[in-house]
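Every chain is named by a letter (A, B, C, D, E and F) in the order it is written, and numbering of its residues begins at 1.
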Amino acid sequence: MGNNKSALVMSAHAADFVWRAGGAIALHQKAGYDVTVVCLSYGERGESAKYWKKGDVTIEQVKRERRKESEAAAKALNVHDIQFFDLGDYPLEMDREAKYRLVDVIRKVQPDFIMSHSFYDPYNTDHAYVTKALLECRMIAQAWGHNPGEKILGAPQVYLFEPHQTEQMQWKPDVFLDITEVWDQKRAAIECMQGQEHLWNYYTNLAQNRANHFRRNSGGQAGGKDAKYAEGFQSVFPRTVSSL
Amino acid sequence: MGNNKSALVMSAHAADFVWRAGGAIALHQKAGYDVTVVCLSYGERGESAKYWKKGDVTIEQVKRERRKESEAAAKALNVHDIQFFDLGDYPLEMDREAKYRLVDVIRKVQPDFIMSHSFYDPYNTDHAYVTKALLECRMIAQAWGHNPGEKILGAPQVYLFEPHQTEQMQWKPDVFLDITEVWDQKRAAIECMQGQEHLWNYYTNLAQNRANHFRRNSGGQAGGKDAKYAEGFQSVFPRTVSSL
Amino acid sequence: MGNNKSALVMSAHAADFVWRAGGAIALHQKAGYDVTVVCLSYGERGESAKYWKKGDVTIEQVKRERRKESEAAAKALNVHDIQFFDLGDYPLEMDREAKYRLVDVIRKVQPDFIMSHSFYDPYNTDHAYVTKALLECRMIAQAWGHNPGEKILGAPQVYLFEPHQTEQMQWKPDVFLDITEVWDQKRAAIECMQGQEHLWNYYTNLAQNRANHFRRNSGGQAGGKDAKYAEGFQSVFPRTVSSL
Amino acid sequence: MGNNKSALVMSAHAADFVWRAGGAIALHQKAGYDVTVVCLSYGERGESAKYWKKGDVTIEQVKRERRKESEAAAKALNVHDIQFFDLGDYPLEMDREAKYRLVDVIRKVQPDFIMSHSFYDPYNTDHAYVTKALLECRMIAQAWGHNPGEKILGAPQVYLFEPHQTEQMQWKPDVFLDITEVWDQKRAAIECMQGQEHLWNYYTNLAQNRANHFRRNSGGQAGGKDAKYAEGFQSVFPRTVSSL
Amino acid sequence: MGNNKSALVMSAHAADFVWRAGGAIALHQKAGYDVTVVCLSYGERGESAKYWKKGDVTIEQVKRERRKESEAAAKALNVHDIQFFDLGDYPLEMDREAKYRLVDVIRKVQPDFIMSHSFYDPYNTDHAYVTKALLECRMIAQAWGHNPGEKILGAPQVYLFEPHQTEQMQWKPDVFLDITEVWDQKRAAIECMQGQEHLWNYYTNLAQNRANHFRRNSGGQAGGKDAKYAEGFQSVFPRTVSSL
Amino acid sequence: MGNNKSALVMSAHAADFVWRAGGAIALHQKAGYDVTVVCLSYGERGESAKYWKKGDVTIEQVKRERRKESEAAAKALNVHDIQFFDLGDYPLEMDREAKYRLVDVIRKVQPDFIMSHSFYDPYNTDHAYVTKALLECRMIAQAWGHNPGEKILGAPQVYLFEPHQTEQMQWKPDVFLDITEVWDQKRAAIECMQGQEHLWNYYTNLAQNRANHFRRNSGGQAGGKDAKYAEGFQSVFPRTVSSL
């Protein structure tokens, strides 16, 4: 992966990385990171209603359309690499082989941080499933005895990106990221999701409101950075620092 | 307060800032911060058993002894300023006047961050009381209508330092600070606490074990920074960043 | 299913629907709902001690006896339909096929609400397992791409009925249902459970005490509805209303 | 209060009832409820930065301006009655007399439901303080021995309206209310808050996104009510019903 | 207090100790403990509806009646000492003087364990208030500098007895006590509460059902102690043992 | 198993039982219990870095070395029986056969208590996996219909021993065990773990600090048992007692 810093973004379905982490992706690419996205499924069964409603369509066609959308969005975000595991959705399941495939990616990317879904989601069990599997794969990637000789993984932070209906998901952000300078890219990526136009405005509203939270926490009425768009994340592990 | 960065450390009783934040204090002083410590009480009634056991001692004498210890410890940590509010302990209570006095300090210090006790402590109700009052005072210090004309407070992070028996206190650290380079200062400050010698070894063990946690989270078996002593803190508010 | 409103009740073992939701079932049947019960197992291994203690009995005999009891109870409650999946118990496991079978039932019933076990049960892991699987199946039933052409599921509420030792199960009721008018039916259904007579009085006591909670929350000392027997439920999802 | 149904809305500061419950107020007024709002303070010290920044202003002038805004907003929402307790803010405190004054209002209104702030708010301690005091007053209003002879209170639900940064406030909505038909009134009330124009767009975004949650929970992709604007609430007490 | 073991039971209102800890009291008296009960109020305003409904009664009369009931119940339970602080109820408040009075009792009793209310109760704020104050008084009683020369308190366990509607109170029992052998005494004490006859059956049902939980946890279907009546308690502090 | 009392200790990897429960094991052996340890894996892939770093080693060699260490440690602790299931690690998985094998052990041992890992561990998913499986196996062992004729299991307590970084694991000890008299044995067992020398000092510090907690909770400044080394445990189930 060269000498660049790097990051890995998990996406249960084809579009998750766009809504939830598009700003972080574009921003870190701009800052010199190599960001890899792994789409475990295309969301072909559960998140492609628009295509199915047309009728007379096969699952392969739906997958193809969803892949096109994701690739276009990845391009808008300047993603370094996007990989499709095509594991199926609703439900999404990872067997030992799929987990080892993910371990391979993790070890190859050697990410400085990883992004994934919330720990809990009673509406969409694929989401929590992914993060559970990711933590297992992170552990395997750290094992000296797994494929001995390979470079093992360090201890990268795992950030849980924002789920839909945060309060129902027991998700609590502990860091807000100013994505103002890459907002145009995120909006362009969002608009690649032709099948989910009803969410474009939703995620724009959200980014604006998270910017309000950013401003409030970076200085409040006394000043602070004037972010216009932001994303929030929940950290899984403690940080280690030399200064607060 | 000049142009330096600054920090404020709350201490319910005379010695709390030493055990729980001594490393952070010395480290940030070394890095150019002006760190102010506010001891709300001397712990004269509840944390001075050694003096009381001698018998034939007045509360003023105990307070004097405890103050001496704290001042010596503050000196060892190179504290910028230490203030004693002398509000009494077991129980510690702050009336409106005491709160406004603390607001004055907060506004004068304009801290980049504040440190205080855990939210909950069924053993020692003074501890949680202080943090509850601090949050109230932080809010007042932010109000344009409180002493109009004064510079209002921004939105400094509040770090909850490590309580005794963390698991009973619902305290969960989200950041570990490497205090290796100032450990000698912290140990020297600890040894100023003549009345609580039984805790010297306890907090040394703790700092070593927190360093193990630091190493584990900064790289694990794959490497990471080789901290020998560390302190842990729990953040009350989300961070705002421009890069993860 | 005709034009009636409908409900679906999950039952890990043969008798769960009786103790925990018998009143709700009878009441909604009376109000014109079609209530379907799915017994995933007969509780033949883990909840049939009475039969095993006799000795000289086969598992098929135990299952037959338990089925008889359940069918009699279902009749007492006037259940619209009861289905036995016979998946085995202690432990109960659902493979992909069993889940799709449940999805079929869900889509056919198109329930206005679903009932299931608590999220957590350290005594009986079958219980939480069922609800986890149910949420997965609810998600699949909502997917346009699962068996395209079928009518997909809307967003029915899931009510978690009352587990044994509620406090150990992290279960918190947010709605109490007055079952006074169908209590005789519930008691009759309870008495069909010949193998668990030690629980008859337990669940009668419970229904009386829940009625006390009902009265207290419907008006307290100022009045309120005079329920004699009640059941409690925990809602998984938020309600959507046009008036509070 | 005549024979109408009624509701009571607590507002720590002058504008809280507008942002957080404006839709519920207008909607229930329209449905025949008499809604009373109690503003415990004008938010004159902590939430009137715009006025203080002008300089050369007295606290009485600020209170007068804030009151005008609140009264205009109340009018836009068609509030039945608005009362100003003028208890001061940042911090807000209620002595025994103030609590008994609130008990008097509660008993007079005999609300079918009450609205108040979230249980927890580390940014703004006034908010949680109000709800803590409200629960105490609700209890007093239920006591036969408090002002014997007066009509005592029943057991009205308490809804916690939406705080700023919900996830930091441990607030979880369990009911969404469709406020589409009164949105124009809420927006008009919002625009009465001349001192906080930076929040107009914030709360409009929020209402639109809560409507997305409403739609998702009332039927999802299978249909459901097409709400355009919504508000969310957290119930403190269990509901009591005769049908689910 | 002689050489007996001893216990202290807090009771916010006159009858709380009966419903919630009557079995534990009678059982430990029988085992040689000296059990002291402190009734902080008579529950004269909030829990004496029966008396107020008669009309034409003064608060002093109500207090006298309630005291009689409590004394009779205490006698039935063979309580060693019952003290009435007469602090008022709905709301109950303890000033510094009242707290020191309680500290005096604690130091005099030197209890091996203390019993009190749940940490949280949104229905009845007096309850949680008492436990909060108790923890403060426990801390003061441990302070060498409070009334120097007196024997200080050790570290007695605090057991939270069972509140009404446990799940709403965030109360979780971790110990069940078999009270079968003193049940008759508890029932007799319960029947002393003439003003709350509607609760007699409630607490009898409860004791029977807690015995079911006792049996289930002491051996389940494999045997175990055959308790007929039990009480549950939540421990505040960890236990210290020499064997598990 | 004769007439001795007995205990069962689960160990995900070869060394877990040593660090986390070594004192409890040695102490109960000394007190006449027969303690059986089940090592589900050798930790050969994930917790044997020292061996892998040497290079030119096979997994069988690593397993052999780890087994030797564990057996030596078991001997130092005077373990009654140690069994190696050799299920593999990172990840550890138990199929139905492995679970039944564990059920067989549980039924044979008929433990008075069981020890296992914390419920949650985002660093090491093997740990939580084991406890989840253990609860399932405990349930199966209680089922009269599982291998009818065998002696079924009662309701033994499950103690969760101390994980690394307790606060991140949502682990809260409710009992501290004084292990002073067997500390030399535990230290000797620890020193058998040649591959993890960096943890020797860590767990010694920890045992000393837990002894501080023991002393504090057994009497505090007023006295109490003078433990020098202790271990902490979290109970899964409520206790049942005849006296508090």
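One rule holds in what follows: a residue touches a chain if its C-beta (ideal position, glycine included) is under 8 Å from a C-beta of that chain, and two chains touch if they have at least 3 such contacts.
Because the structure is predicted, anything quoted here is derived from the model rather than measured.
Undergrad: Spelling it out: a chain qualifies if it touches subunit A and also touches subunit B; which chains qualify?
TA: D, F
Undergrad: Going by the average position of its CA atoms, which chain sits the greatest distance from subunit A?
TA: Greatest centre separation from subunit A goes to chain E.
Undergrad: Roughly how far apart in rotation are subunit B and subunit F when fitted on CA atoms, stated in degrees to the nearest 5?
TA: It is a rotation of 180 degrees, to the nearest 5.
Undergrad: Most remote chain relative to subunit C, going by C-alpha centroids?
TA: Max centre-to-centre separation from subunit C belongs to B.
Undergrad: Under the over-half criterion for shared residue numbers, do copies subunit B and subunit D use the same patch or different patches to meet?
TA: Different residues, largely: of all residue numbers at this interface, under half are found in both copies.
Undergrad: Between C-D and A-F, flag the pair that has more C-beta pairs in contact.
TA: By number of C-beta pairs in contact, C-D is the larger.
Undergrad: For subunit B versus subunit E, what separation do you get between their C-alpha means, in angstrom?
TA: 37
Undergrad: Distance-wise, how many Å sit between the C-alpha centres of subunit B and subunit C, to the nearest whole number?
TA: 52
Undergrad: Where in subunit A do residues touch two or more of the other chains?
TA: Only 49, 123, 142, 144, 168, 173, 213, 216, 221, 237-238 qualify.
Undergrad: Tell me, which pairs of chains are in touch?
TA: Touch list across chains, by label: A-B, A-C, A-D, A-F, B-D, B-E, B-F, C-D, C-E, C-F, D-E, E-F.
Undergrad: Given the complex with subunit E, which residues does subunit B contribute to the contact?
TA: The touching residues are 44-46, 48-49, 52-53, 55, 57, 59, 62, 89-91, 122-126, 168.
Undergrad: For the complex, which residues does subunit E have touching subunit B?
TA: Residue list for subunit E touching subunit B: 99, 132, 135-136, 139-140, 142-146, 148-149, 158, 236-238.
Undergrad: Taking the complex as given, what residues does subunit A use to touch subunit B?
TA: Touching subunit B from subunit A are residues 7, 24, 27-28, 31, 113, 142, 144, 152-155, 157, 159, 173-178, 213-214, 216-225, 227, 232-233, 235, 237-244.
Undergrad: Quick one: which bits of subunit C touch subunit E in the complex? Just the residue numbers, please.
TA: 49, 123, 164-168, 171-173, 198, 201-202, 205-206, 208-209, 212-213, 216, 221
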